[in-house]
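Below are two complexes that have chain A in common, paired first with chain B and then with chain C.
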Partner chain A sequence: MKMSEKPYELSVIVRTVARLLFGLILIFGFYVIVHGHITPGGGFQGGVVTALAVIMLLAAYGYEGVVTEVREKILERFESLGAIMFWTLGLVGVIATATYFADVLYKGTPGELISAGTIPLMNIAVGMKVASGVAVLVIIMSIGMYYSRKYQKAEKEGAEE
Partner chain B sequence: MIKRRAIGLSAILLIFGLLFAGVFLLHPYGEPDYTLAIKQGDSFYQRTATDDYFIERGKMAEESGSTNIVAAILFDYRGYDTLGEATVLFTAVAGATAMFRRERKGDEDE
Partner chain C sequence: MDLYSISLTLVLVVTFVGAIAAVYFRDLLNAVVALAVMSGGLALAFFLMEAPDVAIAEAALGAGAITAIFILAIGETEREEKE
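Let's look at the complex of A and B:
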């Protein structure tokens, strides 16, 4: 059997299924984040589900294929943005009621999507932070792997010459 | 050199003394502020004031407006805890990024 051009990729079946499931997993992750205040789940859980979509692509296409394509700087920005958003929402409570993380804004009817004051917004902030943070952790470790393999190969070739 | 060490040592001793003095001001271990004996069937179980507050207010979903009691506690009553967790994740990402970053354009020729 002939070796494929990209030996780090998994088979075409795995790659196709990963491509098809990518969007569905993202939608499910966003659903868990946004409905954090009315159903089980929340920012942390939904964020990890969202990050899993990226990790699945990494598993299917191999880190060599992902490292050259992905730009992790944007994800890092999103992580910091989530942290700033969470911190600012805490400060909103200070301004309104003199208590950090006080639950202000529109309370609504319990059980509706737009209710519970700042809790859904904080869920979104934490979800953004966890999703991009976990994805960046895995991507950045594969970048380290990629360069260490590259240097090992270069050293080996240098020793042989 | 010896002078700096003396300053450092005295600062450590001062902070240690203050922290140790704080231990005596702590609430006695195993004795919550007050406990409620709640009857359920034939047996009694105990609940502290804080537990009672969270369970009663969270159950009615009138104070936070969230029907998910875990979300109400994590993001409202105990927001500081979530802030700490978020900081842990941020530190992990910062550490990993510092270790395994991409090489810059000019770094290739040593």
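Let's look at the complex of A and C:
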């Protein structure tokens, strides 16, 4: 069998399945985050599932194949935005009722999607933070691998000359 | 023994075998897959013991994220463990 010209990529089967499953995993992660207050799961679990979609692409395509689509600088801002959103929701409770994280929104019927006051918004904030945090973690790891591979290649070419 | 005990015992046996295999495999990729099997068994055990929240976290982190990170790391080093 002919060797792949891109050594950082996995086989064509893995790449095709990763490409097809990327959107589905993303949607499942969003579902777990948004339904956090009525079904098992929540911000952390859904965030990890969302980050897994990016990690899967990284494992299948390598950093060189993903860098044009996923930018870690934007994900870092997204992570900070999640933290600020969580803190702001706590502050809204302080301003409205003098208690940190107090409920100020429509409470609704238990078991419905639009219910439970600010808890779904807090789940979304935690989900944003965890999803971008775990994704950035693995992207930074693969950036290190990218440069070490580049360095080894340059060293090998230098030895041949 | 009722169905609950039998299924929990089976799942815990799978978890135990996966953990032991992860230690004894010389091929590190096999060891990572055994670790993922162990995490999957642990997630099923959590689910059987009526903690679906923990089960989702264990399945997503143990069987998904850690496996992917280990596979990425093994790609950078040797695949076989040396004596």
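In the analysis below, the second predicted complex is superposed on the first by the 146 of 161 C-alpha atoms of A that agree within 3 Å, B and C clash if a C-alpha of one lies under 4 Å from a C-alpha of the other, contacts with A are read in each partner's own complex, and residues count from 1 in each chain.
The definition used in the following text is that a residue touches a chain if its C-beta (ideal position, glycine included) is under 8 Å from a C-beta of that chain, and two chains touch if they have at least 3 such contacts.
These numbers come from a predicted model, not from an experiment.
Trainee: For A:E64, using the defined touch cut-off, is the partner it touches chain B, chain C, both, or neither? Pick first, second, both or neither.
Mentor: Neither chain B nor chain C is touched by A:E64.
Trainee: With both complexes overlaid on chain A, does A:T118 touch chain B (first), chain C (second), both or neither?
Mentor: first
Trainee: With the two structures laid over each other on chain A, which partner does A:G90 touch: chain B (first), chain C (second), both, or neither?
Mentor: Touch status of A:G90: first partner only.
Trainee: Pick one for A:K129: touches chain B only (first), chain C only (second), both, or neither.
Mentor: In the superposition, A:K129 contacts chain B only.
Trainee: By residue count, which of the two partners contacts chain A more extensively, chain B or chain C?
Mentor: The partner with more contacted residues on chain A is B.
Trainee: Go through the superposed model and pick first if A:M141 touches only chain B, second if only chain C, both, or neither.
Mentor: Touch status of A:M141: both partners.
Trainee: Touch test for A:G42: chain B only (first), chain C only (second), both, or neither?
Mentor: both
Trainee: After superposition on the shared chain, which partner residues are touched by A:M56: those of chain B (first), chain C (second), both, or neither?
Mentor: Touch partner of A:M56: chain C, not chain B.
Trainee: Who does A:E9 touch here: chain B (first), chain C (second), both, or neither?
Mentor: neither
Trainee: Where on chain A do the contacts with chain B and the contacts with chain C coincide?
Mentor: Overlap of chain B and chain C footprints on chain A: residues 40-42, 44, 134, 141, 145.
Trainee: Please output the residues of chain C touching chain A within their complex, sorted ascending.
Mentor: 52-53, 55-57, 60-61, 64-65, 68-69, 71-73, 75-76
Trainee: For the complex, give me every residue of chain A touching chain B.
Mentor: 36-44, 76, 79, 82-83, 86-87, 90, 93, 100-103, 107-108, 110-111, 115-119, 122-123, 126, 129-130, 133-134, 136-137, 140-141, 143-145, 147
Trainee: Across the complex, what residues on chain B touch chain A?
Mentor: Against chain A, chain B makes touches at 61-68, 70-72, 74-76, 79-80, 82-83, 85-86, 89-90, 92-93, 96-97, 99-103.
Trainee: Okay, in this complex, where on chain A does chain C touch?
Mentor: It is residues 32, 40-42, 44-45, 48-49, 51-52, 55-56, 58-59, 134, 138, 141-142, 145, 148-149 of chain A that touch chain C.
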